[in-house]
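Below: one structure, written as structure tokens.
Naming follows writing order (A, B, C and D), and every chain is counted from residue 1.
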Amino acid sequence: MTEKNFEIVQEPIKIEEVISKVEDRNAGAINTFIGTVRELTKGKKTLYLKYDAYVPMAEKKLSQIGDEIQAKYPDAKVAITHRIGELAISDIAVVIAVSTPHRADSFDGSRYAIERIKEIVPIWKKEHWEDGEKWIGDQLEKTAYPDGKPNPEEVQK
Amino acid sequence: MTEKNFEIVQEPIKIEEVISKVEDRNAGAINTFIGTVRELTKGKKTLYLKYDAYVPMAEKKLSQIGDEIQAKYPDAKVAITHRIGELAISDIAVVIAVSTPHRADSFDGSRYAIERIKEIVPIWKKEHWEDGEKWIGDQLEKTAYPDGKPNPEEVQK
Amino acid sequence: MIRILLFAELEEVVGKREIELSDEEISVGEIREKLEKQYPDLHKIRSAMAAVNEEYAENTVLAHEGDLVAFIPPVSGG
Amino acid sequence: MIRILLFAELEEVVGKREIELSDEEISVGEIREKLEKQYPDLHKIRSAMAAVNEEYAENTVLAHEGDLVAFIPPVSGG
């Protein structure tokens, strides 16, 4: 079996292909999270994004996230594909699929995966607007670094 | 536009078709919940399921769930397709897709939808085992009615 | 005439999905009693929800000539 | 020789993704200081995470000849 459950790809992601990797006779639930490029972020209009990654480490960390989910839910199956390169508005950046026997665990696993991606997986996006461009360092959709610099407490971690 | 966002169908559900109904330039997140037929439930081996529905009311109630999600998250788009008829192990019974600008809301909306389906949408499944068959009245994956009868408090509601 | 729809186990007990009542006006609760008298095995109708014209309705709701009343056992979609 | 990888804004400041250090043994923290001295605009390397051979590493970790050390600014995948 040469199927890879944790991948960084350049081409458009086929959602059903990712989902099919987690299908299982004892799965009653599959949760899928799809991250897409949205046009407006904090009122600013994005023209397109560029994603870059430290590919081998990123695939390793995606796989680690899968292991972490299985440690919590031994019957879970997990697949994650993240795309890099230039993406237009509405393009799919990431597809996460988590199957479990019961539905609550599939939601939890999928939610966990997207949060962990934003913490530990070496992938970066650069937003391109009409009036400029910027690498985004906003793992948790909370912090923006308007001056391009996190504050001291954040550096400590 | 003849596209229906809330449907009861007889044929296999195409996941990407449901997802495409909620795509939006300002959606950054799409959560998809897929309910599949699992082989084992409480140790019992299911051979196949039969779903039946009160179709017009079921579509109306699915649509109401969409309205409830939009009341909470005005930017959300919701699509739900539920299949009825005979389903084999691993077949898809329901696909829910919820798109929102931010990811947390897509998870919440999708989770809300599946819980509400199990409360208010007139759809029933009948499990077929090697040694028998039974209509399941287990909306919330908590109660089974081994004697085919809910207890008095449940009747009151 | 009032049309009555029965689903899932209720349908199986009665042997058909649709029956008719000749009443001009009758409450949902009275329909339950009437049907259980007519079909003694239909006790599960007590725990079913009811809908009049595709909206859930309490026992006190009145159904009239031309209405469609459905009895909905605990649902199990998803 | 120790290979150093720089990503995103760090890569842009230096103008290339990969540089090399001739050290035989050097700590991650010392590499940060050395690079910031060499590239004064590279102050953001302070807030970057570091990885040695594809595993996250603290400043005290020692890199040796043949190791691959990456500096990983705040990530933003997903």
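Note that in this section a residue touches a chain if its C-beta (ideal position, glycine included) is under 8 Å from a C-beta of that chain, and two chains touch if they have at least 3 such contacts.
Per UniProt, the chains are A, B = Molybdopterin synthase catalytic subunit; C, D = Molybdopterin synthase sulfur carrier subunit.
Since we're looking at a predicted model, the values are computed, not measured.
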{"item": "Fewest hops from subunit B to subunit D - one hop per pair of touching chains", "value": "2"}
{"item": "Distance from the mean Cα position of subunit B to that of subunit A, given in whole angstrom", "value": "25"}
{"item": "Rounded Å distance, subunit C centre to subunit D centre (Cα mean)", "value": "72"}
{"item": "For subunit A paired with subunit C, centre-to-centre distance based on mean C-alpha positions, whole Å", "value": "49"}
{"item": "Interface hub residues of subunit B, defined as touching at least two other chains", "value": "35, 103, 114"}
{"item": "Touching two or more other chains - residues of subunit C", "value": "78"}
{"item": "Full enumeration of touching chain pairs", "value": "A-B, A-D, B-C"}
{"item": "Interface residues, subunit D side, partner subunit A - complex", "value": "5, 7-9, 12, 43-44, 46-47, 51, 54, 56, 70, 72-78"}
{"item": "Sites on subunit A touched by subunit D in the complex", "value": "35, 51-54, 56-58, 60, 82, 93-94, 114, 117-126, 135-139, 145, 148-150, 154-155"}
{"item": "List of subunit A residues in touch with subunit B within their complex", "value": "15-16, 19, 23-41, 89-90, 99, 101-103, 106-107, 110-111, 114, 141"}
